[in-house]
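Per-chain numbering from 1; labels A, B, C and D assigned in written order.
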Amino acid sequence: MKLTFSIRGVGALLVAAALLFAPLILAEQNYLLRVLITGITYAIAVYGLNIILGFTGQLSLAHGGFFGIGVYTMGLLTTDYDWSFWGALLAAIVLTTVVGFLAGLLALRTREAYFAVFTMALGLIIYMIISRWEDVTHAYSGVLGVKLPENIGPLDFSEPATYYYLLLVFLAAAAYVTYTLRVSNVGRRLLAIRTSEDLASSIGINVGLNKQLAFTASAGFAGLGGALFASAEGFIGPNSSSIDLTFELLMFLLVGGVATVMGPIVGTLLVLALFEAFQDFQAYRFILLGPVIIALVIYAPQGLIGRLNELTLRWKRRRAAAPKTPAGPPDSDSPADPNDEKAEVR
Amino acid sequence: MLMQVRGLSKTFGGLHAVEDVSFDIAEGEITAIIGPNGAGKSTLFNLITGFYRPTAGSVTFKAKDITGHPAHRTAQAGVARTFQTTKLFEHSSIAENVLAGCAAGSRSTLIDAVFRTPRHRREEKASMDKTLELLEFTGILEFKDEIAANVPHEVQKRAAVALALATEPELLLLDEPAAGITEDETARFGQLIRQIVARGVTVGLVEHKMSLIMSLADSILVLDQGRRIAWGTPEEVRSDPRVIEAYLGAGSQGSTSQEDGIQERTPGQGA
Amino acid sequence: MSQKSRSTLRPLIALSTVSLLALTSCGNGGGDGEGGTITIGVTGPQSGGGALYGENVEAGIRLAIDELNEQGVTIDGEEYTVEMRALDDEYQPNAAATNAQRLVEQDDASVVFIPHAGGIHAAQEINTSRSDFLIGAYSSDRRIIERDNELTFMISPPFVSYSEPFIRIFQEEQGAERLGLLATASEYGQQWTTMITQDWEDAGGEVLSNNNFDYGAVSDFASSVARTLSDDPDVILVGGPSQTTALVIEEARDQGYEGGFMIMDQAKFEELELFTDPENLNNSAGVKPVAEFDDPGTDSLVERFAEDITEERPITAETSLNFQAVALVVKAMEIAGTHEDPAAIREAMPEAAAEVDDVFRVSGFPDEVTDEGLLISDSLEGAYRDSEGNYEYFPMDIE
Amino acid sequence: MTLFVQQFFNGLSLGGVYCLAAIGLTLVFGVLRIPNLAHGALYMVGAYLTYFFLTSAGVPYILAIALAALVLAGIGIGMERVVFHPLRNAPHTHHMIAAAGAMFFLHSLIQAIWGADFRRMESPITGRVEILGTQVSWQRVTIVITAVVVLIALTWFIKRTVHGQSIEAVEQDRVGASLVGINPNRVSMLTFGLAAALVAVAAGLVAPINLLYPTMGDVIMVKVFAIIILGGLGSIPGAIVGGFTLGMAEVMATTYVSAVAGEVIAFVVLILVLAIRPTGLLTKAVQR
């Protein structure tokens, strides 16, 4: 059993290794590195979306908006107000978290379809504010010259590879938090809510509070992704808060696998790679991608990673549990076989 | 008294689903709630456990007023329940289901989890041990890795009990635990309920199978049309003319006897 | 177990991700550039609301390239074929910058045409640092050359050039005093509005309430029109995409408005005429239609646009100005003797302006390329359609 | 005063269009519990179909709208079969994502067929009529009249015909409806078809005073969502009241406040309503 445990980690390790060595492989390939950098900032936001959608089952369509708040906090503070990158980053996280918290107070009174539509309206309002509040956000003119992180000792972040590794640290943090959620009591509480709110409250889970916390954290991650995005791009415009972005983030998550640990990053990079491959028919790519999205939702709603998890689970079970027959219910007096494989409940 | 219910009432749009019901649940006993279809049994459960907010009346648990507390707070206070249509986290394994019950009561926060604080590790370990112990107690340890939706009905029922017990309740309310399982299985389930009481957990149950109730219950509350028509020991209730009348009236289309209890009601029928 | 299911297949995902990344990097082998091909990069909107605009820009570049290939391009004694590579950015600044970098690195383009200010700004963040390429900036937002980006040239006349003649026509010649605002609420429309508000008031006129609305996102604009008219304006600033602009003008006429229109340079007379009864356009000032120019190459380009691109719509400045710019930049490559060094190409542009073949002189060909990167044409004109429906042309100073 | 009267008619015609578009969306939600994000795309396709029949096939205007409604009903039914039927037991998130996929697909498809150009559809209904001292275009009068006629016909259909009653039955009680022998499959298709036909009529009516382009549905979709939330998801009277209210509010906000106010009002109203009543204004409180 220990063996399979390590096999499981191998996949994640390989993805991590690929990401770690990407700048070396892509030396002189600024363009691909740039795509990768953008992808990672998106993926961080997707990890955020994963918390609310994956772990509590509520579809938030405001995440493009939260991303945009992060983008503009970073963008405006480092230019018009001449803050440092690090200060602005902190401010972006705090602000999106606060906005997420306040929005959650209202939004979480609604459920399911209402929640989705409510958050959609919320996202649109954020977009409208960003694209219309000329005096503050410069509206469609956008913001020029967003700062890169200030150097820390020998680390020069104007070097794309160095900046890339900084992003990787944030990405790893996002993935680690998700992993932790997946295997801890906190995550189990959220997953319980996703499956059945009634059952969850019957075992003492404060559904409202947990959803509120999840939504708040979820918004914070989206804001973090947005702030990093702004800095990576240098120039920002209102599009970085649009509803289209929300749907893109959603697609990344869906392709990768909702409620999985590796899904957000794998999904994001995979879809971006697909976009790149389809560059030549950009305008018509959705003639193909639209049906692909629909097919995914119908036939593989658990996403790539989710699907693979299922397959391995089945394989493992066939191997391990082959002799066991679902015998009649056990006699309640007889203790269970203590020789049964030592349960590792994860 | 572990729980005291006084004058509890609930109206839905002018209809009295539960009207002025009072009874006690004594510590260490098994209290059964019976009554014909639509008598308000499930509604009563939902009122006690905080899923509905009562229109009037009070619920006291361990001398504390918990009237109208939201469901999760009632659960945290030590009242666990199962549902009539067995509810489980059906895409998770049996063990994960029970773990969820442990998780619900855990104090650890995301911060603890991220930094793997001692508290976190301690709780994780405790949760795991408790889960295995409960699975063994309910006799479904060998199903621990099966997905909840795929296991036999009886295992699901037992898993629901294990899940409820994982929250370490002092009072466990079972909503029709024996619905839809065979006679043999029902008998074994009765066994389990006794063991639960032996663990020190008081049990309240809504049930139709008279055989089960008569052999288990220390006291019985009989409801009809939302009102209490009898409350006492099985012997007292058995001979109460109003109970006999209610049951004969309700069972007039089909043959019913006190021994066999009312016919199973159609699933999905609410209060 | 099982939440943490162990996946033997998981390495496969990793592999496929890596291989996909590798796959995308395959295309960049480079190579082809050396085989006698010059790639002109374009990133513009091919989908979404701006798609037609993007198509028009691309059409100009494509027509110029066809013409150049017919004539033959020789750089440093070697024959080259010119190619266009166009990517969709959906009007998004960041996508434009990403595309530009891709065009430069993977397709060896040293010039990238970008037809929107946002994309230009975003590309300027990288074109002299992380990458090295010349931006063919098609936008009339003057800020794009005010950032001291030495690898940018501005193809479109800055819109500030329109302010002075517009105000002269309406305020001085017609005695108009009250200006209504009903332009599109895009960045561009707002800038125009700010400029004209300032200038109009400086010239002693009165500016009425601002009723700008997003031409691309309103389901019914009759109410905005009605509100503007209720202020009783003498002249109204309109403009955005031609088609919507035409409807706005028509709605105003339908509601009984008889004053004049100042039409922002994004909308073009020749397109407006298609979308509404031309009579509605009487008493308006705007951009001179391409076909009305008398330059040596005008007629042939108008013809070729109809033949090679479409007969459904007339050619506009979006096509003709980019057409000219491509010829200019390729000529600069010939003079500089390189198609790979953006700085050298940019440096050769002033000299190239005089040497471009007549067939590329279509609608006010630049006589001069300033150090800032502004293309200046002495023959640029604006158009005024009088109350009889006749066009008069007036000179404009590019500044 | 004339300004007000004029804007009142503008609000009325805009409201009529919103109504027609919103009823379809609310019907689909009521019957299938799906917020169909592709509704705006259907609206757009409806406009292009009308355009096609009117200009390319040379059919008279009203007939062109009817034909477009018919064809779009077919597309709507197809969408129900291919996209939503397989997802009928899936969580609501899946529907919304699949619907978004369908929306993007339709955008691309229409752009591939008709190009990204703005297109103008000339209506044969021209000229203006004087009402209460102000000039109102016949097209707007037509919109209001048609909207009212269609709404009456729809009410008759739902209240008086077997098919219509089956829709209402499923909307009110899914389990009960299947117990009395109503085929939920049939009703789903019927609903989707009807919703598509209604939105095609809305698009056909508004096309002459607006422009056709592949993303034209996005703006109206958001508004229409605001309307049905306002009126209560699944409520037809709610959609009608909400449609006219929002149309009027938008026009009046534009007139008496500012253009931006007109654009934002829908969302502000939406957020306010949901904040106060999380299930919309006209829904009966759902009993848990």
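Keep in mind that, in the parts below, contacts are C-beta pairs under 8 Å (C-beta built on N, C-alpha and C of every residue); 3 or more make two chains touch, one makes a residue touch a chain.
Please read all numbers here as calculations on a predicted model, not as lab measurements.
The minimum number of touch steps separating subunit A from subunit C is 1.
Geometrically, the chain at the heart of the complex, using CA-atom means, is A.
Inter-chain spacing, taken between the CA centroids of subunit B and subunit D, is 47 Å. Between the Cα centres of subunit A and subunit D there is a gap of 34 Å. Centres computed as Cα averages put subunit A at a distance of 39 Å from subunit B. Centroids of subunit B and subunit C (each the mean of its C-alpha atoms) stand 72 Å apart. With touch defined as above, residues shared between interfaces to two or more other chains in subunit A number as follows: 132, 283-284, 343, 345.
The set of subunit C residues that touch two or more partner chains comprises 1-3, 46-47, 51, 185. Within subunit B, residues 51, 92, 95-96, 145 each touch two or more of the remaining chains.
If you check the complex, the residues on subunit C that touch subunit D are 46-49, 51-52, 54-55, 185, 209-214, 217-220, 222-224, 226-227, 230, 241-244, 246-247, 254-256, 275, 312-313. The touching residues of subunit A, when paired with subunit C in their complex, are 4-5, 7-8, 10-12, 14-15, 17-18, 22, 25-26, 29-32, 34-36, 38, 132, 134, 139-142, 144-145, 160, 182-183, 233-237, 239-240, 262, 266, 269-270, 273, 276-277, 279, 282-284, 304-305, 308-313, 315-316, 343-346. Residues 49-51, 70-73, 75-76, 80-83, 87-92, 95-96, 99-106, 108-110, 113-114, 120, 123-124, 127-128, 131-132, 135-136, 138-146, 151-152, 154-155, 158, 163-164, 166-167, 185, 188, 191-192, 195 of subunit B are the ones that touch subunit A when the two sit in their complex. Of all residues in subunit D, only 29, 33-35, 82-83, 86-87, 90-94, 96-98, 100-109, 111-112, 116, 222, 225-226, 229, 233, 260, 263-264, 267-268, 270-271, 274-275, 278-280 touch subunit A in the complex they form. Across the complex, subunit C is touched by residues 3, 6-7, 10-11, 13-14, 17, 107-108, 111, 115-120, 128, 135, 137, 140, 206, 209-211, 213-215, 218-220, 223, 250-252, 254-255, 258-260, 262-263 of subunit D.
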